[in-house]
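Input: a single structure, listed below in structure tokens.
The letters A, B, C, D, E and F name the chains in turn, as written, and every chain counts its residues from 1.
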Amino acid sequence: MTVSLDDLRRSLFTAVLSDCLDAAGHRSQAMQARVRPLDDSLVLCGRARTALYMDVYDAPAGENPYELEIQLVDDLRPGEVPVFACGASGRIAPWGELLSTAARARGAAGAVMDGLTRDVRAIREMKFPVFAGGIGPLDSKGRGKVMAIDVPVEVAGVRVAPGDLVFGDADGVVVVPRTVEGEVVAAALAKVRGETETRAALARGEKLADVFRRHGIL
Amino acid sequence: MTVSLDDLRRSLFTAVLSDCLDAAGHRSQAMQARVRPLDDSLVLCGRARTALYMDVYDAPAGENPYELEIQLVDDLRPGEVPVFACGASGRIAPWGELLSTAARARGAAGAVMDGLTRDVRAIREMKFPVFAGGIGPLDSKGRGKVMAIDVPVEVAGVRVAPGDLVFGDADGVVVVPRTVEGEVVAAALAKVRGETETRAALARGEKLADVFRRHGIL
Amino acid sequence: MTVSLDDLRRSLFTAVLSDCLDAAGHRSQAMQARVRPLDDSLVLCGRARTALYMDVYDAPAGENPYELEIQLVDDLRPGEVPVFACGASGRIAPWGELLSTAARARGAAGAVMDGLTRDVRAIREMKFPVFAGGIGPLDSKGRGKVMAIDVPVEVAGVRVAPGDLVFGDADGVVVVPRTVEGEVVAAALAKVRGETETRAALARGEKLADVFRRHGIL
Amino acid sequence: MTVSLDDLRRSLFTAVLSDCLDAAGHRSQAMQARVRPLDDSLVLCGRARTALYMDVYDAPAGENPYELEIQLVDDLRPGEVPVFACGASGRIAPWGELLSTAARARGAAGAVMDGLTRDVRAIREMKFPVFAGGIGPLDSKGRGKVMAIDVPVEVAGVRVAPGDLVFGDADGVVVVPRTVEGEVVAAALAKVRGETETRAALARGEKLADVFRRHGIL
Amino acid sequence: MTVSLDDLRRSLFTAVLSDCLDAAGHRSQAMQARVRPLDDSLVLCGRARTALYMDVYDAPAGENPYELEIQLVDDLRPGEVPVFACGASGRIAPWGELLSTAARARGAAGAVMDGLTRDVRAIREMKFPVFAGGIGPLDSKGRGKVMAIDVPVEVAGVRVAPGDLVFGDADGVVVVPRTVEGEVVAAALAKVRGETETRAALARGEKLADVFRRHGIL
Amino acid sequence: MTVSLDDLRRSLFTAVLSDCLDAAGHRSQAMQARVRPLDDSLVLCGRARTALYMDVYDAPAGENPYELEIQLVDDLRPGEVPVFACGASGRIAPWGELLSTAARARGAAGAVMDGLTRDVRAIREMKFPVFAGGIGPLDSKGRGKVMAIDVPVEVAGVRVAPGDLVFGDADGVVVVPRTVEGEVVAAALAKVRGETETRAALARGEKLADVFRRHGIL
């Protein structure tokens, strides 16, 4: 792909990418609606670095409960996005201000998780794009633990492989698998241009039926 | 009703209408709390135009998947509100910027659905009042389809008949059936006046018990 | 405790209190993520006054359905926080503008409930910190009734006893039991100071692994 | 009604009563499918005696936590059915072998609740018809308490008033309000006779379309 | 496939088919656990005839609400299985004794639905294999309606196309897509033979580790 | 404890143990009602051997996905009970006929899990007491994996430590922590004797109020 992640972030929308993924036959690429941005004005575009959590019920003394999590964040490269599969428990907040600070210092593009996030006022002030399954204060220590990094995971109903393109904005998060990335991104860039014309026609009061017949866009 | 929809929009609140519907014996007229406004500062007041969705699992070639949806929107008259019953699946976003643009061009007062909405930043910029069961990017094509328009439906737990008065603000959405509209609206306009006095008494530090005994309002 | 509630409100965060409660062995003190502030910029710190609701299915004539609720609010003292256990039904809004007005007039620090709240625009304008399980217009009359006040309750998964310290901000709500309040508050005040240094080190680009080894904070 | 409860129990089915309630415009009279009989071979037909539970979080010393429950069971008359509205918590088992024994000794026709039941092997041996929202061992003491008896309640989605006809069999539980009892029971007795002919025609291999046209029963 | 449906029914198990579908890369072919047999002793093996339901909220006079449902059942051929996609509402019972009688008269192998079933005692007496999302008395009239037959549907999480092999027993229901039917059925028949030896070795007390190393079956 | 596990199995009931655990201040020891026995006539009494599952999304070639599971079962001693914490996903069936066969060969008393079980007809024929969160055919390979054995876990809402007494019958499953085992078992054996007298008095028609006053048992 010759278009940079930054250009994509400025040009695209999750809704358009979602339509193009549909057209390419990948119809389960939008995370469930419970995953929301902390800040609706920010756009996220980057490559997935995955982590897989397990619910645990104690924190053995002498064990570092954050070992793999720290390893993943310390290893982030510019444009990458930590994507955390936290499972269905919905109680722990594996992400917060300190991880946001560390991730941004390495050039990460944002973070995505189906678990909760905390320190949300501080993260909003940083303008760091975080998409989460909710907001809450409970630390993961003794409740959940990363057991594997850089493996295929499932987050809010979507399979995410390491390196997949992750795109998020006020409409939610979509994941573009590598195998169709070129095709889908090209189609999305084209569709964005088409929608401008459609919108103008509708704003002038033209019938939807006519505009849809002409442009095939809805 | 001699009061215009615009006057009602400026004078009333969902909470007051809900209380007056209760008093009139209609106690299931408030949509479930999952239906939220995209913009808490906007108020919606209009007459329902209903659409009933079915979950589908393919999009046969040559079929226009949006046929009835387009027909409904193209037929909207000033002050009307598309009300979409999308069912419990919670995955599709049948509404977006283009439909908002087309609906506003016809004078629609807003839109209500228990499904998702997309293009939410653009819709917020339009100041078009949309109330939805969530936010997400997935198009309805091949996932859901309007099978009937202008029929009685159920949206987020409330029965809505074509022509019913639909009122929405930051507190949610209530539906006023035609049979009690005159009575309920008159009572609501009266109650709004009574609350001002109650509020002032409480702000002065009077006991709730005394104020409630005097005004019967809580 | 020699630190005033106002000082705590200005110095602490739910996330830090939650970590210190964990360390003290109290690991179920954060309300479920569905309890959210009406206004993310407000912080709540006060002492719990509890009320226990029961779902009811009629409102017998001649009965005051708000009797105990009124009694609790009229009896509030400065720094107290009504905490309403409304149960799992999730349909009623026992709190609104009038109760907020009355509570504030008595010096209440805010309100917390797992039920819904209404009149949210007015409450936001008052800058009164309310944390609720959602937003909706349905009054409790004939749907739910306070059956006991000043008893132990459970709200959004957390046990709350009368007099417990209740702390809420954009990250949610935590409850500090009296028995550990001194210990937990002291630890939280200390931890807040430690995090500043950690944050600065991470912002400078130090490795998480190194910073965590040095400060033990994540 | 001149037909005895025993005759109804032997002649009717919940499915037929449900259809006749539908025809009479009462379309929300079947309890949700989570309410199941402990024994699919037993049929329940009786008159509701209602109890309304509240979730509680402690059991004050010196208080009898079963006071109203005991009062209701001791007051049962032949043909009556305790109907317990236990709410959505789904954790407590307010009914068991001892209450079944006491209820049967007074001629009760069975018991219905949306909460759990325990001692199910013993109750099955007694052939006492109990319909419950599940099976579990947790006593109600300190978890739930009857706050009112002989009031209108809602159980598994159905409103039940004292004296309503309650009918249960392997298909679930329906409630027939007093106001339509005569009409609905008469229609149900007639429909049972019609279904015999329909079933015979279908077993002979006649087309459903023809049989439905002739009998109007499906 | 040269093996008859009857032979498959006698030789196979859903668990073995599920493992072979997994091995063939089809990993979403087992319906969710809420779909249960009415009778755990019966086995179902046949070819899917699909119907797609929509929730409706009235039954217009003069309309036959069962039109497509009747058409499907009257058109069943020996070995076929009506498979009803009833959606997430979980309130209606589209299947009962009369449809079972009509379906059996045409040689149908059973029926599968994610909705409810009624008349379950009569259906059990018929020994007709029905797998359903629950048991309840509510008829579909005015609540749900078949809008399409013989189209691809999704039932309890599994995509079902007309003609797919449907297999059900006490462990649940699996669906074998046509494209892999030959491969999967052959593998399943082979695996059934292998399990006998494994079971015997384990019953003799051999270590799981040894037996699994030798047979690769668990 | 001088009473053998076999004697306890013959003398006790989950309901009685649950009441005695309540009295000892351990009020969260009954698993949620979704955990049900495969066979209501069997009673389970043994000591927990725990396993903790993680949801996974692929099965790397060359890896034995059952490694720790096999290790645990091969290491079972007479009277032990594998207790599997499978998490909230509810899709996989980690237990089946082969594991039941291997476990019984080592003298295991049964098995408990919040996940699904398969091969249920065969397991019922073996009369091996299995308690599970449901029934389904999906193997755990590539979906879930044991990550730790003999650690504290949480199963269906109850904390289980290795060695805890696990008791199951038709009413569900309770877990007795080691620290209170002697006290709770002794109290339960005494309560069983008291209930016989209470039952007889109620069967004779005595008032519940009188019997409860005399025996304090309900």
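In this section, contacts are C-beta pairs under 8 Å (C-beta built on N, C-alpha and C of every residue); 3 or more make two chains touch, one makes a residue touch a chain.
Computed from a predicted structure; not experimentally measured.
S.K.: Mind listing the chains that sit against chain B and also against chain E?
M.R.: Both chain B and chain E are touched by no common chain, going by the contact rule given at the top.
S.K.: Is the contact between chain D and chain E built from the same residue numbers on each copy (over half shared) or from different ones (under half shared)?
M.R.: different
S.K.: What chain is the most remote from chain E, judged by the mean position of CA atoms in each chain?
M.R.: Result for max centroid distance from chain E is chain C.
S.K.: List the centre-to-centre spacing of chain B and chain F in whole Å, with centres computed as mean CA coordinates.
M.R.: 49
S.K.: How many angstrom lie between the CA centroids of chain E and chain F, rounded to a whole number?
M.R.: Roughly 30 Å, centre to centre.
S.K.: Which chain D residues touch at least two other chains?
M.R.: There are none in chain D.
S.K.: Report the complete set of touching chain pairs.
M.R.: A-B, A-C, A-F, B-C, B-E, C-D, D-E, D-F, E-F
S.K.: Please give the residue numbers of chain F that touch chain E in the complex, ascending.
M.R.: Interface residues on chain F, with respect to chain E: 64, 66, 70-71, 73-74, 90-91, 93, 96-99, 101-102, 105-106, 116, 118-121, 134-139, 141-143.
S.K.: For chain E, which residues are in contact with chain B within the complex?
M.R.: Chain E residues touching chain B: 52, 54-58, 85, 87-89, 147, 151-154, 159.
S.K.: Taking the complex as given, what residues does chain B use to touch chain C?
M.R.: On the chain B side, the touching residues are 13-15, 17-19, 22, 27, 30, 32-33, 36, 40-41, 169-172, 174, 195, 198-199, 202-205, 207-209, 211-212, 217-218.
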